[in-house]
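What follows is a structure written as structure tokens; I'll ask about it next.
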Amino acid sequence: MTPTDAPGHDVTTTLDFLLQEVDGLRTRWVAPRRLRVDLPAETLPALLELLKGRAGYVHLSAISCVDWPDDGQFELVYHTWSYELNVLVMAHIRIPRDPGVYLSIYDLYRPAAFFERDIHEMFGLWFEGSPDMGKFILTEWEGPPPMRKEFDGEAWVMEQFGWQEYRPEWLTEIEAKGGGISKRPEQLRGDKGEDGTA
Amino acid sequence: MSFAGILIELTLMPLVAFTIGLFMVLMMRKIAAKIQRRVGPPLLQPLYDIIKLYSKQTQTSHGLLHDIGIVMAVGGYIAAETMVPVPGMHGIADKAGLLTLAYVTMIPSLGLALGVGQCANPNGSIGISRALTAMLAYDVPFVIIIFGTAWFYGSNNLVEVVAAQQAGGIATWGVMQMPILAIAGLFSLYAMLGKQPFEIYVAPAEIATGPMVEMGGKFLGGLFVMQCFQLFTASAIYVSLFLGGGENWPFFIAKLFFIIAIPMSLAFLFPRYRTEDVLAAVWRWPVILGLAGVWLVMH
Amino acid sequence: MTDLRTIPVVAAGEERPSGGQGNLLARVFDELTAFCRSRSLFMLHYCTGCGAVELPPAMTSRFDMERLGIQPMVTPRQADILLVTGYVSTKTLKRIILTYEQMNSPKYVIGICSCTVNGGMYWQSYATAKKLNDYLPVDMYIAGCMPRPEAVISGLRELIANIRAGRSDYWRDYYRRYDHYLGNQQRLFGENWQTPTDVIAEARHYGLFGPETLGEHTALLEQHQTPLQPFEMRLGLKQDKGSSS
Amino acid sequence: MRPENYQAVSHPPSHEYEVFFGPNHPGIEGNYALKVRLHGDEVTAARADGGYLHRGFEKLMEGRLWIQNIALVPRICVPDPVPMEVCYSLAIEALGGLEVPERAQWIRVMQLELSRIAAHLFTFGGNAATTGMYTPMFWGIADRDLILDLFEELSGGRVYHIYNIPGGVRRDLPEGYLKRVSDTLDYIESRLPDYDNLMFTNQVFVRRATGVGIMTQEQALDWGVTGPNLRATGLPFDVRRDDPYLIYDQLEFDVPVEEAGDAWARTLVRRAELKQSLRILRQVVARLPEIDGPIRAPIPNPLAWNLPLGDVYTRVESSKGELAYYVVSNGGDKPWRVHVRGPSAMHAVQVLEHLVTGARIEDVAQIMFSLDACPPEVDR
């Protein structure tokens, strides 16, 4: 393997030529080494298999999940990297937010197990065929999947926790003279409905 | 010697040994600090630690054997230490032979095994099995060395061994007459102290300090006391066997600290071995050297 | 809202249990133990948060805490100080409480970093507990994000001075007001929360029982308290073994 | 006093037993746990248990302004925070179409490499301490402190220096700073023989590290391992060289490789990388005075800064491996989504479980530290 500089004409054409084999793709070079692919959810396994088998895309860098509640969709982004072509392919798919089920790609990429479990914990998506969908990070968490947009973390915190009192004498004196903070944090928080009293 | 005299000696000797042991611990920590480019603990730090541990207000015991185990561990070394003659005091050294001494030095490990066994902590169990393995390792050369010296001096009695060495000044010291055995003995002493690379049974990063894992308060204090006695006893045995014992206190103490300083200076430069490597290391060179030394002694 | 200063530590008029007023020997003994306690502090090796990254510099060659008689210890049974270094996530907080209860008294808790005081920069976070002194009696806070090794050491020096003067008795508070602490713990962890250590029995045994040791929360605890069981292991048996296919 | 219920602890008769490695076990790196099932000395099954350091960063970032998040990101990896700042800044710059001035890029590279040296020194100490050799830890952390002093002079913070901000760096180098950097490099270079004598040629340590936690190149690729751990299996991949960012393509450095894939190879790779970082820093120190110009691209009012709609995936090479940020903007003043791909997320969970299984208990800590796992990156 040799270090490649900015992908030359051949790498781009190789990839573009290769990706013609999968239907329904929209490809766009967003940066010299970043190829963005938008595709329907059902063709993703075929694309990844093609990339892994024919273009050396053995490295799954990450799976990112983005919540789009207005569209009622989750966007899943599969970032894969080829050690031979040195181009990152980002495959974007959209799946409906409800029921939020998708296929696992664990049989293609083992790192997927971690990311899929993570997305399951944080967003509540279910991946069919992922080896371990148990809790890992949020073992002590019983609330809704926290990364969903409808979960308001701050309101939850206000409900759950109290705050330390800190108002030393000097601050009281300053405030008596009209200085200090004009609006105290708990008043700001109180505006949101909860005042967080322990 | 009268009964009262022995009683006084048996009281005094542990006190002296404990005091010297405290300073040996301090020296060990100071050597570590020097190597690691630090200042190190203050003068009485080992004593503060022990008093603090004994003054803990809640104590967690795991049962009768746990309590007894610590007593055995400390008591074993105290008993061993009274069998080693120091200047002016013989304790029960002339009544107990070298072989008894070798047996008695095993008691602490066995006591710890009893005590730790009841803690039901797997780390402690692994630790104690390692400690017993280490004991098995260093006892083989230790027994060979004891055999060799006893053969050479024709006596199983440490008092006589010491007297024979002191008869002709440095030339009659064991280290001059049996240099190979002395080297093997140093190895054995190093392994007995259980410092790196032989520190297999405390191993914090592996088994969370092994036998000490469930020890807190007075139990840990007991172990700290045990360490003081262990350092003293091990070096006193070595000094009595090879460095002419104690003619007088200043010389004796200088020898004791010198002997302990050797392994301590090396310990902080090494990681620890694996268990089987300890066996391989201790059963190879010290045993070969020891056997060679015994052969030389016998011919 | 709780103010740190309003938390009663030793109730007024209460005699210190170790006190041997009048008897000279007992007083000397008390002084000696207080001195030794202050000069020998074993701190638990538990890096609970990012502040822990400033502890190795404080311990090692440059700042060398062993000068003050402070050294790291491995297990809670051996340790005197529990350094809570930074934010405590709910999951960590459970372990911290288990650890704290396993330590032998006198024991001291130091909250390092702003996050232990009031949530710090993670005040919005659903995952971290905000006020450490709701769940454990905290002897001292060292604020900062993160406090420098000098700050940690000066905080520890102050703790040493407090112990020497007999002012750091907050661990008794955990026994005396166990109901309060248990209540806060239950509020966060759910009503089925229990620890393997029986704090109430310990309080009885060592004469640390106070009027607020028992209460509604401990009553709740007694309803569901079960004997200690070996921890359940959820090993990844579903995963296939190492070799790649 | 006996612990309550102590008699109730009973294990079924079995040759197997379970041990918790962590979270306050000294053999664990940071606040993390590993449950292992042992048969004698041998680990028959292992399961990583994370989440102790979970703060919900990704959620927090969604609630804060673009510029506010720069204070959050370094907290994601405590021993090596600079790559976090740089990676996040790169993402924002790509989204906002900002051109970072060249001088700022060079200063960033200097920060990155200093941070890498600091992190590697930290790892050496931890790695040696797992085998009971504490002296490298004492030395390494004290030497690392000198680098922290440099950071402090530049940014005011020893560990978290919110110094790289979107558009460039916060302020220019103080007078004589490069001289002090150069002196520190000289000092660290002069210390390397000491570390070699103490640790890298120490036969006991070599014996402890050789053959521990072996990972073949196929396995490493299969498990998605990156960074020094991948290079220790013989694949010379480095984001700095193969997917260059900042001005790394103008610098000369090698990508050190080892073939064996065990703990010893990983340690050697880190040692060689430390030397390469010194080499890079020498070049930066030599070139920086020639490069004049602004240190920051002009950015709009950061409190009302709406980045255009879009998403970007930026990667940098941290001391642990490939660090990546996936940042999505919906055109607002706050990120819509930030996904942090910590390098340790791979080798601290699955790989660790796999490597530990079949190892012996004395090697568990060694494996974890030689992988250089950073738990907060996993938990976020």
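Note that the chains are named A, B, C and D in the order they appear, and that numbering of residues resets to 1 at the start of each chain.
Criterion: a residue touches a chain if its C-beta (ideal position, glycine included) is under 8 Å from a C-beta of that chain, and two chains touch if they have at least 3 such contacts.
Since the model is a prediction, treat every value here as computed from it, not as a measurement.
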If you walk touching chains, what's the least steps from chain A to chain B? 2
Inter-centroid spacing, chain C versus chain B (mean Cα positions, whole Å): 36
Computed distance of Cα centres, chain D from chain B, in Å: 43
Distance in whole angstrom between the CA centres of chain A and chain D is 21
Can you pull out the residues of chain D that are in contact with at least two other chains? 1, 3, 6, 9, 18, 25-26, 51, 54, 56, 59-60, 63, 138-139, 142, 222-223, 350, 379
If a residue has to touch 2 or more other chains to count, which residues of chain B qualify? 36-38, 58-60, 204, 208
What positions in chain C touch 2 or more of the other chains? 45, 60-61, 74-76, 91, 124-127, 202, 206, 234, 236, 239, 244
Could you run through all the chain pairs that touch each other? A-C, A-D, B-C, B-D, C-D
In the complex, chain C residues that touch chain A: 1-4, 90-91, 94, 117-119, 123-127, 129-131, 133-134, 188-190, 234, 236, 238-240, 244
Which residues of chain B touch chain D in their complex? 32, 35-38, 58-63, 120, 122-123, 126, 196-197, 199, 203-208, 268-275, 277
In their shared complex, chain C is touched by residues of chain B numbered 29, 33, 36-42, 45, 47-49, 51-53, 55-60, 204, 208-209, 212-217, 220
Chain C-touching residues of chain A, taken from the complex the two chains share: 110, 113, 131-132, 134, 138-143, 146, 151, 153-154, 156-157, 160-166, 197-198
Report the residues of chain C in contact with chain D in the complex, numbered from low to high. 44-50, 52-54, 56-57, 60-62, 72, 74-76, 87, 89, 91-92, 95, 99, 121-122, 124-128, 145-146, 148, 196-198, 201-202, 205-206, 227-231, 233-237, 239, 241-244
